[in-house]
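Consider the two complexes below, in which chain A is the common component and chain B and chain C are the respective partners.
Coming up: the complex of A and B.
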């Protein structure tokens, strides 16, 4: 009953949210929703203990793929978005062959190199990737109506609802995966790969699985972004964006599902509302770097540890009550 | 009795060092087989080769006549040979129950699509039941919700065995299971191993605790400097001149 109430109130708040915002803030809201999917998919990857620097490029793969499917092949936009995600996942499976010969720090560098190669391919080949300028004039999501609401995708509010539904569905799938025996195996691979292997876990297969799922959802996030913005180019998926994703994940904390989401929301609000008001948005990398250092120094477990402290304090007396009765 | 697990001319060279030199022995089904030898004799290396952690330079490991040498560790595990590790190698950040659940990976293979839709409820229930059964066997059930890293040393060793036991193995390879246990815990653990044997599980163990080895094993293989030295029952090994020499160093000359 209480959960139902929270669910209803939460949905109403999410639906009502854009009406309290200005037009530019509504646009930011759309990007925020897409970035939440990006950073949550990144967390699934980190569950197996491997941190990648190519995640944003993989997102770009989804964006490029979806854009090209609609432009060159004329595929219906929502279908091409899903195909974009599938393409990103398949590419991840291919990349896993060279990349998973490495672990830890070497994997980090290897994934960065792989990402740069993909970006150079986009830059080098005018056909079909459009070179440095990328692809513009990507088909927008076609308008449609569901009776009570008319979706007009030049309005950020409409796109917010559309992306919101897709992102929530994706988050639900990612949540289910993490809470399943598959998710437990990811954790096992992270903490003691040798013991996991001795228990019959195929390490290669599970690392690849996590990489492919994370890449698939990152690709979907990329596709959502491409059809909203209308253009993709190699520079919108460069290492600077990757550093933002890392900052969200690290500042939020990766021990819980909601940690990276929290980091993404808090830092986006800070960046877009506070910094923009102060006219400091050019200094974003500088301030993000400072926040990252400060959070590592003073909040090593991330923002999620603050939430955990509050919830634990509230639930702490309960076991004593149980013991007493 | 058929040859259940057979090691044939097993050799491992690390560069110029021959850690294990043409070692052969047979493990009978349903027995407790001990592998002993002075430090540096190559016991753990042999273990690592049988479990697939190392690929032998030469020789074969036959399980029910099938050559399993050079297979990866998870492939060996899927054929029923599950190992434990020398130190308390556990998923320290996970709870005790979750540790045991990882052990049920083989009998209850997770399926990602079923997990998303929610069609694996029976598998999950089965896996949890099996995990609890394994914990109960090793007397850890009351600690199920504890973090594995917070357990005492004895409990951690027991949990390592519970993880292996949870996977319904045919053979358990125990690497120094009694290290760091007090006599009381050792005695208790020996009792558990006899019960494992009654369940039809074959046990191959490497151990330094001679009392435990002599009291537990049906057959003992002794090796020294990577070579096969002697094999036999506990009394035979205890009185074997070559074994005494290997442990005490030139006992025959002294006498």
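Coming up: the complex of A and C.
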């Protein structure tokens, strides 16, 4: 009963949310929703213990793929979005062969190199990727009506609802994966790799699986963004964007499912709304950088550790939970 | 054709010089402190802006400006060690995130102080050392080459022949054993950070009149430096220098005969191949993984 109440109130709040915002804030809201999917998919990857610097480029692969499918092959937009995600996942499987020969710091740098190569290929080859300027005039999501609501995708509010539904569905899938035996194996691959291997777990296969799933959802997020913005270019997926994703995950904390989402929401609101409203346009990266440093110095377990403190005080701490962290 | 090859070779020597100054500093910091300093490209940028401020705006003699810039960036390094890397010693991702934060701060300070636009710096000297009619080396580039040779030789001497150098290498090899021998790890970290940052600073300061100085110039520098330290073997100074030379030649020749973007792709591909075939790099020791 209580869960149902929370669900209903949450849904109403999410549906009502854009009406309290200005037009530009509504646009930021759309990006925020897409970025939540991006950062949550990134967390699935980090479950196996690998930190990638190529995730944003993988998102770009989904964006480019979906844009090209609609433009060159005339595929219906929602279908091409899913195909964009599939393409990103398949590319991840391909990339896993060279990349998973590395671990830790070397994987970090290797994934960065692989991502940069893909990005430079978009930049270098005008056919079919459009070179430095990228692809513009990407088909928007066609308008449709579901009876009670008319979707008009020139309005950010409509796209917010559309992307919101897709993102929530994706988050639910990611959540189920994490709680399934497969997800538990991901944890084992990270924390007990020797033991897992000795128990007959194929480490490489599970790391590849996590990489492919994470990349698939990142690609879907990229496709959602491409058909909203209408253009894609190599620079919108460069390392600076990756840095943002990395900080959302680290500032939020990656021990819980909601940690990266929390980091993404808090930092986006802070960066896009609070600092903009205060008129600190030029100093934004400076303040953002300072917040990154302060949070890693004084809140090393992320924002989620604050939430955990509050919720733990209410319910008695479980001993095995302490042992796990 | 021979002349074009010779000229491209000279350009490559110049590129190798400043790349190796940056990469050696990065390796030194990684070796002694175990952190990947993502802000290293921005230390290079800070050196370049020191020359913009002192030489172009305040008309201080060029080499004085370079010396002050070098010291200033060295001090920035000390600040990073004290404020970021020392408190985050036990947090493997912490140093990385903190250095990214520091990078953003330096970048936006440069934007606020000097604007986003490219800075124009009056040339230090127009002289060119001519070998033939078509093959020449501008003296401004020669300064960079000389600086690289002098500073890297000095660093080599310092590391191999002095007590501080011994301490530095010892704590890079095994911090605990070094501490047990009475070497102050904090002290060696400070020295490594100062030297590493100052080398990036002097590279930035000397190349400032030759490149387009802008707040985002550090990006390509750090990418190049990463390629070089991976190919050379993380933690190997000799490897970093040799890899700088190799990379500079490949990159300069591909840029001259094809184009710059393709050269970047080739460079990154080389790094990926090294990572796949021999992750410890061409000169790295196997145990430092």
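In the analysis below, the second predicted complex is superposed on the first by the 311 of 325 C-alpha atoms of A that agree within 3 Å, B and C clash if a C-alpha of one lies under 4 Å from a C-alpha of the other, contacts with A are read in each partner's own complex, and residues count from 1 in each chain.
The criterion applied here is as follows: contacts are C-beta pairs under 8 Å (C-beta built on N, C-alpha and C of every residue); 3 or more make two chains touch, one makes a residue touch a chain.
The model shown is predicted, which means the values in this text are computed figures rather than measured ones.
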Task: Using the touch definition from the top, say if A:124 reaches chain B (first), chain C (second), both or neither.
output: second
Query: Should A:288 be classified as contacting the first partner (chain B), the second (chain C), both, or neither?
result: second
Query: Counting only touches as set out at the top, which of chain B and chain C does A:66 meet: first, second, both, neither?
result: neither
Task: Determine, under the contact definition given at the top, whether A:87 touches first (chain B), second (chain C), both, or neither.
output: neither
Message: For A:201, using the defined touch cut-off, is the partner it touches chain B, chain C, both, or neither? Pick first, second, both or neither.
response: first
- prompt: In the superposed arrangement, which partner chain does A:271 touch: chain B (first), chain C (second), both, or neither?
  reply: neither
Query: A:296 contacts which: chain B (first), chain C (second), both, neither?
result: second
Complex contacts: residues of chain B adjacent to chain A: 51, 53, 72-74, 77-78, 82-85, 89-94, 98, 101-103, 105-106, 108, 110-112, 115-116, 118, 120, 123-124, 127, 163-164, 167
Field: Residues on chain A engaged by chain C in the complex (per definition of touch)
entry: 51, 98, 101-102, 104-106, 109-110, 112-114, 116-117, 120-121, 123-124, 239, 243, 246-247, 250, 282-286, 288-293, 296-297, 300
- prompt: In their shared complex, at which residues does chain C touch chain A?
  reply: 36, 83-84, 87-88, 91, 93-94, 97-98, 100-105, 107-109, 111-112, 219, 223, 226-227, 230, 234, 259, 261-262, 264-265, 268-269, 271-272, 275-276, 279, 289
Message: Under the definition above, what is the set of chain A residues touching chain B in their complex?
response: 173, 176-177, 180-182, 184-185, 187-188, 191-192, 194-203, 209, 213
